[in-house]
């Protein structure tokens, strides 16, 4: 049996700190006999994918990077905007996983209805638009932001934001959510303690995306 | 770091041959450092889950078995009827994965629209009802059965049915499917060669369910 | 012409007081030339159907009771959880009516959009899940609970709760409801005065279920 | 207790033979202690409601007739086009029941998904439009017409059309229908034998409408 | 090339002041080489279309007027209730445009999701019902009324209501609206300044309806 | 009053013959007092937009061209793939109209349900995906291809394909379509004769897009 090529987790912006945080989040998926998981940064990209033009340009660069790595067994696009998801799927037969979609699908596998904790009110419409595109609005119990908007740094620091996240999660439970999606990769370090406090599954989208890619790579897909 | 308990793959009927086939299908997910994967049969059940009463009784037995195994880290209900999925979710905080749902969610993570190959025309309405319950009908490109109904035995034997499956898959591609779900666990041995022939991802529901469970167990959920 | 067998109204819990209240609510449907209407309690059940396990066990008992009464012409499952609705439909060709579904269908026959008065905020997600399963969310104007949660006893007592129910109903009218469903069987005694006060139809689910069963039995179905 | 006024079943066209057939179909609902059921013809209308202008004019006449009969306790609009359904609901607080909607709602109370037997291919799009308006398309298993179009006279005569109806019903069962609606009032006399042959409930829309009206009138609504 | 007949903009009530305002709003569409645009009042109608009976009667009068003007190339029904939209479409092959539908369709052509500014809370359920009928609820970001209800006169006067409209529009932007529909013809004079202030397209339904009619007439439809 | 800048109709490929055909189709919209309508080709593009990479690259070029023409009052993206529709909308406040969406919206303004004539079976899934994205599937009566696939050249030539188009349109009418969209720009020259033959509106998407742009430009939007 031949070894599987690595799963590439592509951070489509050029912020190396983000890439390192992604690598920490997916550490549990590096297993004996399983594929390597490489987290990459795109140096030519801006520090953040902010505008729609950034998304289009990042899409082409992500697709170029995927082409340049024929050894890889799967591609994870590690950005909520999922730049190039449709493009890569036409250019490679390898599994291509979008981070936002993966978080939603994982939550749908855990409960009838799910909730999302947004990092700020302003992100909610964009998330709802993606749920509409996915055709899964009927599974959404609700999406709420913490009582005050969090910076990305605060979102990962329990001393700065755990009470706010727990409060948001409790509200979503009352709205009927049986599972919670963290609506910002920065919240990842609080996944476990939040799940413990709420008593229902809490999903980190990066982990969900890598789990989905792993599921395909292991069966040879 | 404490060891993870095993993932239980529960075959809710009493047919040991089915359980053994499940175990072969999930072999690729037994990895160094990952949880064990145990496939179990429920001896008190009938040989097959055929009637709605079977489903209710199997649900209670599956829930009892889950209770009797507090060491397990996750439960996979390895039957298309998913007996007890909602019941187990109220009785345990561990991940509970239904096989049919998992196959659909995996396919939704691979393509905009998916198709299903049924083992026979008669299964299609029941599958559609589950897609409606899941709220994902808008993602379905179509479901088709082979030109003649297959026995479960034939469904896993390329010499008996590969041409029929390829024909059904080709039709689904023409209907807009970007990924295919095998609508019967028996087809599992043909997953790889069918994917190769069709050029789009082909999903085996048992594998999808275990991959989903694994994704939760590895992050501690 | 042969006499019709009785309509069985099965209270799947063991609380006789509930069964007696059901019998009072359906009194208007006992007509000359029509079938008898028998309200039954299941003695082996707990006093209330509280957990999902209760629902599964009540489903099997309800199905057993239906089997034991081949003389009955129709079965009404008089509990909002509708235990065994799908099971009974596979075991008998007689009409099987679920109380929650019947209330919703009756309201849909009276107005374009309906509202629901819940007994407490906590019931709303469960009701919404059932409306989603029924595929009728687009007909829902809204669901509201009284300003403070009611006990079942209070819910049927005008001096304790009429003002709260009228307030909730008025809010639903403002949200576009053209008919109101009482979201708790306990509210039944206030149906008429609430309808009078609001000027739009108010539906009691038990009565709706028996009316639906009667409609089938009279035509021989 | 005051006597209930009659339920008016208004045939909005001027064909007395149709009105007489309606009266025969609703005979089982004339019960001791229940309201009278009067079937009326609108003499000023054309023999059939054929054009959209006919519908608008019939709507106003139906509303006038309802106004002229304040003694009536409920109004059934006995025509698939349901002329004036929305108009009457703004002009009276009495229950106003549309025949087509009532048939669909009755079927939804009997099975997860329903099928419709149309009298001819040409009626199907109009029926589908009404199901879309009702927001219940997800409950439709399918609608089929007999292999050859039937006249209204043939549709009620077993010797002329029973085999065709059974064939259509069998096809709908294969498509997943758990209940069947007769898509033409003319088929009414074959309801019972068709139900017997198919083994699933068969719904006559006129009867469903009167049953629904009766359910409201008996509780005082 | 033959000259095109005029586009008729029919105000189905008898209020001439309304008709004059309509004529001012559509002035930009009177172009060299294009059709004339005539705005008409129906003298026999009441001053306002208030009841459902008004709607039915206005429908017949609007259809009669359309018949009496075979020279017209298209008909715009300039009333949010769109009386006779379905009737006219069966009686003429000329384009028949409803004002409310046209506003929504224009907004759907400008942004993924749209918002509506209602003149008062009370109009919102009626608008939502029309969006449901159109099957476009998934495109709605939200509908809001100004903080206090406006009279029709106030709604067109910037000194009386511009701040309120801007506030409502800002709220809709936050809810994800990429385009705004003025939910009352009276607001028409403020369209341009509101669009300027909000930075997203603002749609006047009368103008949208005439633009749509013009698009058909110019190509000979 | 200042003159309006031109409406740009951007053909995102480099095939000048296509651009010239677009210009002929929109000739009726060049009116006295209205804006000019300029049809442009993007020379750096390939001859046809075939791959998803073509779409991404065309999107960036279309956005660049829109930026380079600040004098233009509106942008029409004259390609069924609508490259850059979302990108342009974030980079300009001018109206940006996609050709495929515009055709659908125009049809929705003319009839309850619409049909589409595809140029070949293979285009249907892609069209359906766009209707799903638009959230308007419930308005679709059906989409059919001619009995044999047409070349683009044949699609515009009555002697080669009129009978096939009429046959397809007739089938769509039977499926409930009240308006027809030409699913390929090449069919444009047959719009009028097909409308005449079918007796229901036939929509050309290029014309619909320009009409929509014109409607915005004339009111100053």
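Letters A, B, C, D, E and F mark the chains in the order given here, with residues in each chain numbered from 1 onward.
Just so we're on the same page, a contact is a pair of C-beta atoms (placed from the backbone, for glycine too) under 8 Å apart; a residue touches a chain by one contact, two chains touch by 3 or more.
All values reported here derive from a predicted model rather than from experimental measurement.
Chains that touch both chain C and chain D are the following: B, E. For the pair chain C and chain F, chains touching both partners: A, B, D, E.
By residue number, more than half of the contact pairs of C-D reappear in one of the listed pairs A-B, A-E or B-F, namely A-B.
At the interface between chain B and chain D, two copies of one sequence, fewer than half of the residue numbers in use appear on both sides, so the contact is built from largely different positions. Here the spacing of chain A and chain F, counted between their Cα centres, is 36 Å. Mean C-alpha position of chain E lies 24 Å from that of chain F.
In chain C, the positions touching at least two other chains are 86, 89, 112, 132, 135, 138.
By the contact rule set out at the top, the touching chain pairs are A-B, A-C, A-E, A-F, B-C, B-D, B-F, C-D, C-E, D-E, D-F, E-F. For chain E in complex with chain F, the residues that touch the partner chain are 28-29, 31-34, 86, 89, 93, 95-98, 101-102, 105-106, 108-112, 134-136, 138-139, 178, 191-192, 195, 199-202, 204, 207-208, 210-212, 214-216, 218-221.
The touching residues of chain B, counted against chain D in their complex, run 121-122, 124-126, 128-129, 132, 137. Chain D meets chain B in the complex at residues 112-113, 138, 141, 174-176. Against chain D, the residues of chain E that register as touching in their complex are 51-53, 55-57, 59-60, 63, 84, 86-87, 89-91, 132-133, 135.
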